[in-house]
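Notes follow once the structure below has been shown.
Letters are used for the chains, namely A, B, C and D, taken in the order the chains are written, and counting of residues starts over at 1 for each.
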Amino acid sequence: MKETTTRVEAFSDAVIAIAITLLILEIKVPHAAGEEHLWTALAGLWPSYVAFLLSFFVIMVMWVNHHELIRMIEAVDYPFFFANGLVLLTVTFVPFPTAVLAEHLNTAEAGAAMAFYCATFIPSSLAWNLLLHTIRRGNLFKPECTAEEISRIARAYSMSAPVYLVATVVAFYQPWLGLAINLALWILWIRLGYHSTTHTAEHRTRRRTAPMR
Amino acid sequence: MKETTTRVEAFSDAVIAIAITLLILEIKVPHAAGEEHLWTALAGLWPSYVAFLLSFFVIMVMWVNHHELIRMIEAVDYPFFFANGLVLLTVTFVPFPTAVLAEHLNTAEAGAAMAFYCATFIPSSLAWNLLLHTIRRGNLFKPECTAEEISRIARAYSMSAPVYLVATVVAFYQPWLGLAINLALWILWIRLGYHSTTHTAEHRTRRRTAPMR
Amino acid sequence: MKETTTRVEAFSDAVIAIAITLLILEIKVPHAAGEEHLWTALAGLWPSYVAFLLSFFVIMVMWVNHHELIRMIEAVDYPFFFANGLVLLTVTFVPFPTAVLAEHLNTAEAGAAMAFYCATFIPSSLAWNLLLHTIRRGNLFKPECTAEEISRIARAYSMSAPVYLVATVVAFYQPWLGLAINLALWILWIRLGYHSTTHTAEHRTRRRTAPMR
Amino acid sequence: MKETTTRVEAFSDAVIAIAITLLILEIKVPHAAGEEHLWTALAGLWPSYVAFLLSFFVIMVMWVNHHELIRMIEAVDYPFFFANGLVLLTVTFVPFPTAVLAEHLNTAEAGAAMAFYCATFIPSSLAWNLLLHTIRRGNLFKPECTAEEISRIARAYSMSAPVYLVATVVAFYQPWLGLAINLALWILWIRLGYHSTTHTAEHRTRRRTAPMR
């Protein structure tokens, strides 16, 4: 049973869109109490802003990656639904570690909070690897995706779980350094996407200029 | 009046996607108080994680089932909207028993909370049966769906309400056993889908190889 | 500038789907305190269930009506966006009076809460009338919609604001009677849709059997 | 790599739809305490209603603008995803300043709250400008969009950040005057859209009447 990607794409988009938008609910309105001015109270929320921006960024990167991955496949099957569901599970979970981080970033527990935040991306990364594995096993890639292209993606995917693990351990002692490792990985993800799409574009151009089959 | 399934599918997807994503809002950020470490507090939230995973799983299974069912129909009519609405009502309700479960799973009220959780799937199951009945009465199935295929689904549907009822009663005395019954049913649902789609695929292959009408 | 209804339909569906799903957030998990059993506490939430069911039902009816109305138009224009936006505004507002109702239905303030609930449908009804007016002025109806069909809808629309006004006044003194008036109107709306679509179907059949143009 | 706008449009619609619907969660149900009547308590929530209506209106205007902009482009590329993501970030942020405004509009901090509210549209405006710049640099506009049309939009976009800056400073001392400046800008945006689409329509008509290529 193979079918087009339309509905699973729409469902995934909706879930990711909601997860990214729910992040804002974690920034709690300050109740300017007594002497304190509203501006001071708003400035005191900086951990919430940091956590919000961070999680918005990572979910956005995930959406773009999901989008790029789905574009490379031509059909979905039953196991795909559940592997994709697992990825979505890890995306919808993000608002929780985000809230934990926002609440503890300027406390003595900053290390633990940041480590928890980084740690939640380990299962997330495993879910992405499972999704890729499911796509390969189900033979769902479009015929124009080269084996080389797919293994480049697989290498990038398999790399991320260990990096998150390192980030988690580091974050415990050096919260900001752990965060920096995460950020570096995400920026790398963006560049990976860039590269991949350039590659695809070249590939297509080559195909188009080739004689018609 | 018959029309295509596009918009009701999109609406259902959106409702299910939101319900599945709202689940995370029920996990409340712990406020590490006094002596307690953040990690201890986070670990103490295990009932919330269990409830979250459980409900994410069941809503995911429901989405896949909804998806499979909609694929089998070729049109929707007015009664379908309301029968489908009733199914969606029971899906959007899930976050509430989930929160009740999360709050009471490690208290003396665990049995009552788990029974309440299981009980909410009884009306849900009835709504699915009504939806199937509405589809049949409205003659909405695609012509390629065999009567045998449809009655196999009907048998599976009609079986679930009694199972949930048993799970509810059992859960009162043995919360985890009640949960296990639910889980068993959901896994059965997944397998049912598998079987159904394999069947459909065979069916299609047969039709394709048959001479053109 | 006329364009197809696709994107405004998708956006409206999303807004309505979210509003209908947010309703569940208003049912607060009971914290079984002291002597009270969880079941007693859950049963004590009946005003929340009533409010939830009521609002789920009315938003569902609104979605079906929105859907039926959009099906009758062939294009959208700029004023349509804002008239439709006004309708969506009144839909997204529904969770608030619902929460007010849930909180006060079993208190001495039940009358005021129910009157407030009913009253919020007055602007809603006016927004629907404005939307219809905008569609007519913009000449957006499909050519196959008969003038008679449109004026029947217009009559039904223009009738609802006064009914909600009466329901509001009645609800103040007799909360449940006010509610009954609302419910009667909503059921009438459903029947209206039925009638309208049967009519359309007949109309179409007639057109199909007519000689090709 | 260019691709059609479909999926990014759907994702943006979902994010904007959720942001606009979450606004209602910021209106907290009053708990009629002691002597106070429910109606008095509901009337006392006027700052919440003002903030809700304001933010609903501005997000609606943003949606329409997003919609109009996307209609003018024929493809999206990788940088577009992130520039669009930045716009969505500023849209999802709106519920927070809205809640701050609702909480403080009838306190001594009204000026600070309104200034904060206005200030959040400065980065929003910059994000829109970046999006437009990305579209131009990526050469994503449809061929039928005239240079003149695009620069008219660019002028309107570049004007808004300074206006929001002025509104922010003014709001500090005269909250309602700051608000009025914002509102004036938004109404101008609506009119801009009107003008633009009329222009496009004329343009199209001209093209249609021109001899076929």
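Going forward, a contact is a pair of C-beta atoms (placed from the backbone, for glycine too) under 8 Å apart; a residue touches a chain by one contact, two chains touch by 3 or more.
Computed from a prediction, not measured in an experiment: that's the story for all the values here.
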Problem set entry | Shared chain contacts [subunit C and subunit D, defined touch] | none
Problem set entry | Smallest number of contact steps required from subunit A to reach subunit C | 2
For this session: Over half of interface residue numbers shared between subunit A and subunit D means same, under half means different, so which is it?
Result: different
Seminar exercise, completed: Matching the CA atoms of subunit B with those of subunit C requires turning by an angle in degrees, to the nearest 5, of 90
Exercise. When the centre of a chain is set as the mean of its C-alpha atoms, what distance in Å lies between subunit A and subunit B?
Worked result: 26
Exercise. So how far apart, in whole Å, are subunit B and subunit D when each is placed at the average of its C-alpha atoms?
Worked result: 37
Problem set entry | Per-residue multi-chain contacts in subunit A, two or more chains | 10, 14, 18, 22, 25
Exercise. Chain adjacency by touch: line, ring, star, complete or other shape?
Worked result: ring
Exercise. For each chain, which other chains does it touch, given as pairs?
Worked result: A-B, A-D, B-C, C-D
Problem set entry | List of subunit B residues in touch with subunit C within their complex | 1-3, 7-8, 10-11, 14-15, 18-19, 22, 25-26, 78, 81-82, 85, 88-89, 92-93, 95-96, 99-100, 103-104, 107, 109, 112-113, 116
Seminar exercise, completed: Listed in rising order, the residues of subunit B that touch subunit A in the complex are 9-10, 13-14, 16-18, 20-25, 27, 29-32, 37-39, 42, 52-53, 56, 60, 63-64, 67, 71, 190, 193-194, 197-198, 200-201
